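Shared between the two complexes below is chain A, which has chain B as its partner in the first and chain C in the second.
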Partner chain A sequence: MDPLLRAHGLTRRFGPGCPACLESTGARAGTNRCPHCGSVWACRDVSLELHREEALGIVGESGSGKSTLVRMLHFDGEPGSGFFELGRIPALEGVPDLYPEGSPWSRNLLSLDRFRQRKVRDAAMGIVYQHPHLGLRMGVSAGGNIAERLLSAGWRSIGEMRGRAADLLERTEIPTERMDEPPRNFSGGMQQRVQIAKALSGDPPLLLLDEVTTGLDLSVQARVLDLVRALREELRLSMVVVSHDLGVIRLLCQRTLVMKNGQVVEAGLTDQILQDPQHAYTQLLVASQLQ
Partner chain B sequence: MLSVQNLSKTFRLHMLGGLEVAAVRDVSFAVEPGEFVGLSGPSGAGKSTILKMLHRTYLASQGSIRYASPRLGEVDLVSLSESDVLELRRTEIGFVSQFLQVIPRVGALDLVAEPIRHRLGVGTDEARERARELLLRLRIPANLHDAYPATFSGGEQQRVNIARAVGWKPTLLLLDEPTASLDRVSAGIALELLSALRDEGTTLVGIFHDPELLSRTADRTIRIGD
Partner chain C sequence: MQALEWIARGVPHRETYAFLDNGAKKDVRRALLKAVAIPGYQVPYGSREMPLARGWGTGGIQITLSLLLPEDRVKVIDQGCDGSVNAVNIKKFYERVGGVAVTTDVSEATLVQTRHRIPEERMTDRQILVLQVPYPEALREVEPSEAATRRMHAEADYARMWLHLYEDIVRHGEIRISYRYPCTVNGRFIMDPSPIPRWDVPKLHMADTLFLFGAGRERRLYAVPPHTRVEPLEFDDHRFRVEDFSGKSCARCGATEVYLDEILQPDGSSLHFCSDTGHCDKRMS
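Our next item is the complex of A and B:
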């Protein structure tokens, strides 16, 4: 499998930073907040690689930086520092001056202007958040939410957009007769499925899932996971899956990163992480699982 | 096909103050292409740990595992990149344990058909047909084929597991007590299937709970832990 995405040195810091930060934060220090200057290192010097049609899991407790990491990849919020490049994707060939002549990799996406970052995001990525209100406009109809996304991807015909929205909602098991209702009328599981439909509307090769099943009832969780698995196979998606639930990671991901206090403490094949964890924190995490 | 040299594994248990447990010490052996080799030795000798290192589910502490991959050439499974290990698991190396690796809410037939379809590039109908034959041969009645194996008995789960492992004809198949809770008849059928796989060119390395069963089927036995 060819690599699709590679990143290194991803860092997002809130606060001024000081010379003591490096020593005083991270997994070894047991905190991501520097006691000297008060800066928070939400994500520090993270490297990762994702191959095509592969799913990479990111696990860790809350505050470990896993959501920050996936949001950096989605250009959400404050820009951080580091290198983030995508391999050649047909959908991105139209973005001006993205790939240096003859290079299989894009320029560093973190140093692109906002306009081109948006283009890259719309064409190459979809994201599903734990909280549906981050990914959906709750007062706008389900179909309208999808149309909005299609508009920004350059679609113009209302009929075609409705057709595409109906198709996506059907695939995500939302009855199409409810496409004109706003998501706030829907149950939590349905809202997640509308989010998935919206995330996939631009046919992105990369899907980012940020704790998508957290807080859902078990049977609803199962349905969302089954849907993700089916869509991944059908659409040949590559995925980054953030979850604190090792069961979700085991089900979906071939490789996994373990994060703590903003740093990656262990990376490996998912079955190796679960059966032969090396780092003290990973051992604790695996041992804490309900059987 | 496989050359294991000075392989060792020590587990370090951080929750027990960094206690070190030596599970495998300095093991070396070689396996020829097309051989069916059994690992034997007392329980606790590290047989299962060795198999898991061959599959990279466990990281080796020391030593090397040279594997002659038709696709990648000669590689060391101890240090091979993760993406290459995944590639080999997809195309060449299978692992079957005594526990069914269920995918929730996937029926038995689809569970067995999936690797046949993906790894051999066979169409859905044909893959399901081959899966059906395998399950029937392993005495899983047709009325159970669409049921979820999570609800099956231990013996039935093991038979589904074996069907899933042999269906796609891997180059190297690792077997960790795949017949542990099967009755003699079912275990006999499973071993027939494994022998047939060997006759088609698959190399097999396995642990079997029943030494007699092992000596009847395997070409050779390697003692671990002496």
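Our next item is the complex of A and C:
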């Protein structure tokens, strides 16, 4: 197995922090908010590893820190602390001084300047958010949304960008004649598929999915999941899949992390976790899901 | 090097020469040096009160005043015209506070201050053109937040500006920006060239002249040093183009290949005249 991504000690705290935080928060304490200083530990000391062409699931209840985790990987919002490194990827060879001489791993991406973080993000990652309005500009045409990613990567030909956008929209089953319409005219499922097209526009090896099917009705969920699966095979993507829906995780992911109150409480093969959950919280999660 | 020499030239000692006190001039000149060093970068400075409302050219006036020497010969243009009220009053102001001579002939001037036009006559390396700027932020069209546009400049994150042009082309078949056309300066910053028509944008590219831009209300100034690349944003398959005046000429001096104003006549027809009156006068004399 060829590793693509490794991270450890990922932490994001909102608030001042205090000496009592460590004991008073986390899965054991049953909260991520410190009762002494009021700090919220959205994500605490999380480690993960992702292999090439593997899908890693992250499950947990709402507020468990799974979205925070995936957004840290995408450099969204306030920087947190920890180590996050990517293996050598051809798309990233152009980013200046990213890989130390002879090292198979990049520098710690969380401590890079924002300019290079954006380069890494544009070249290596795509993200699909739960709410399409986070990932799409609703006033800009669907084709323009895809073009934005391409423009950021230095494309300067309208014809080529439109060709690429049409190609991606076709793959994600959006009629290409609606390419110049803004996504706000589209249904929720279509918006989600435009988001996927946008995320894939730069041919990223890594796709981050943050609750992609939440809020869609069941038949649309199934179509979106089928699409993601097909694209994963076709484009040989590696994925981090965040969901509170164990069905989605079971369908897409080989390995899974279970999070609670900002910490990872259990990690392992998806089947193993679903068949034989060890942690009390995972047992609860599985039991409540399978009824 | 010449650009730096110009800005670094000595300030007369009398405190009140050219209206601004020496402290203010130092502030402006320091900002100008930084602006020349980082072409296209907007340098903040402490914009002073002028005997003119902000937004009426106070940015340009402060730059001119901080550079003015008694031996200077100044030309002031308002949208191509030497004779508009604003241009005449600013000129009178310089005569009074600086004791400088004024002219309408570009080639005679050492300092030219302008609002929204660049003279037709190519300027030399012994001249400075000061442009008045109402909105220095080229990205304001796509991003209302100042904090966000500064971050975008810092990271050269210009995809949204390009997207704005892409959408224009998709919706209307061409880029609709007629003035304030965004340009990339020295391959780095996207700059607002002030509301000059597209016609004037190519004059900024690899010019012999130092261009200084001042926005008094917004408290920013920036510069294009001589021999600097200034490239209007364009796509490989949608090139930047200037206004088309083919087949038209100035009804007064007969000039072609100049920026023309269309003047409607009482009978509904229209005549075209040079927008640059100094250039037109020179051709007539």
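Keep this in mind: the second predicted complex is superposed on the first by the 289 of 291 C-alpha atoms of A that agree within 3 Å, B and C clash if a C-alpha of one lies under 4 Å from a C-alpha of the other, contacts with A are read in each partner's own complex, and residues count from 1 in each chain.
The criterion applied here is as follows: contacts are C-beta pairs under 8 Å (C-beta built on N, C-alpha and C of every residue); 3 or more make two chains touch, one makes a residue touch a chain.
These numbers were taken from a predicted model, which means no experiment stands behind them.
Annotation: superposed three-chain arrangement on chain A; chain B versus chain C shows no clash, the two fitting side by side.
When both complexes are overlaid on chain A, the residue A:Ile158 reaches chain C alone and has no touch with chain B. Within the superposed three-chain model, A:Leu218 lies out of touch with both chain B and chain C [touch as defined at top]. Contacts of A:Gln275 after superposition on the shared chain: chain B is touched, whereas chain C is not. Touch criterion met: A:Gly143 reaches chain C, while chain B stays clear of it.
Once the two complexes are overlaid on the shared chain, A:Arg114 sits against chain C while remaining clear of chain B.
Minimum Cα-Cα distance between chain B and chain C in the superposed model: 38 Å. Overlap of the chain B and chain C interfaces on chain A comprises no residues. Across the interface of their complex, chain A is touched by residues 151, 154-157, 159-160, 162-163, 166-167, 169-171, 235-238 of chain C. For chain A in complex with chain B, the residues that touch the partner chain are 1, 3, 49, 51, 54, 222, 225-226, 229, 251, 254-255, 268-269, 271-272, 275-276, 278-280, 283-284, 287. If you check the complex, the residues on chain A that touch chain C are 114-115, 118, 137, 140-141, 143-144, 147-149, 151-152, 156-159, 161-162, 180. Put simply, chain B touches chain A in their complex at residues 11-15, 52, 56-59, 82-83, 85-87, 103-105.
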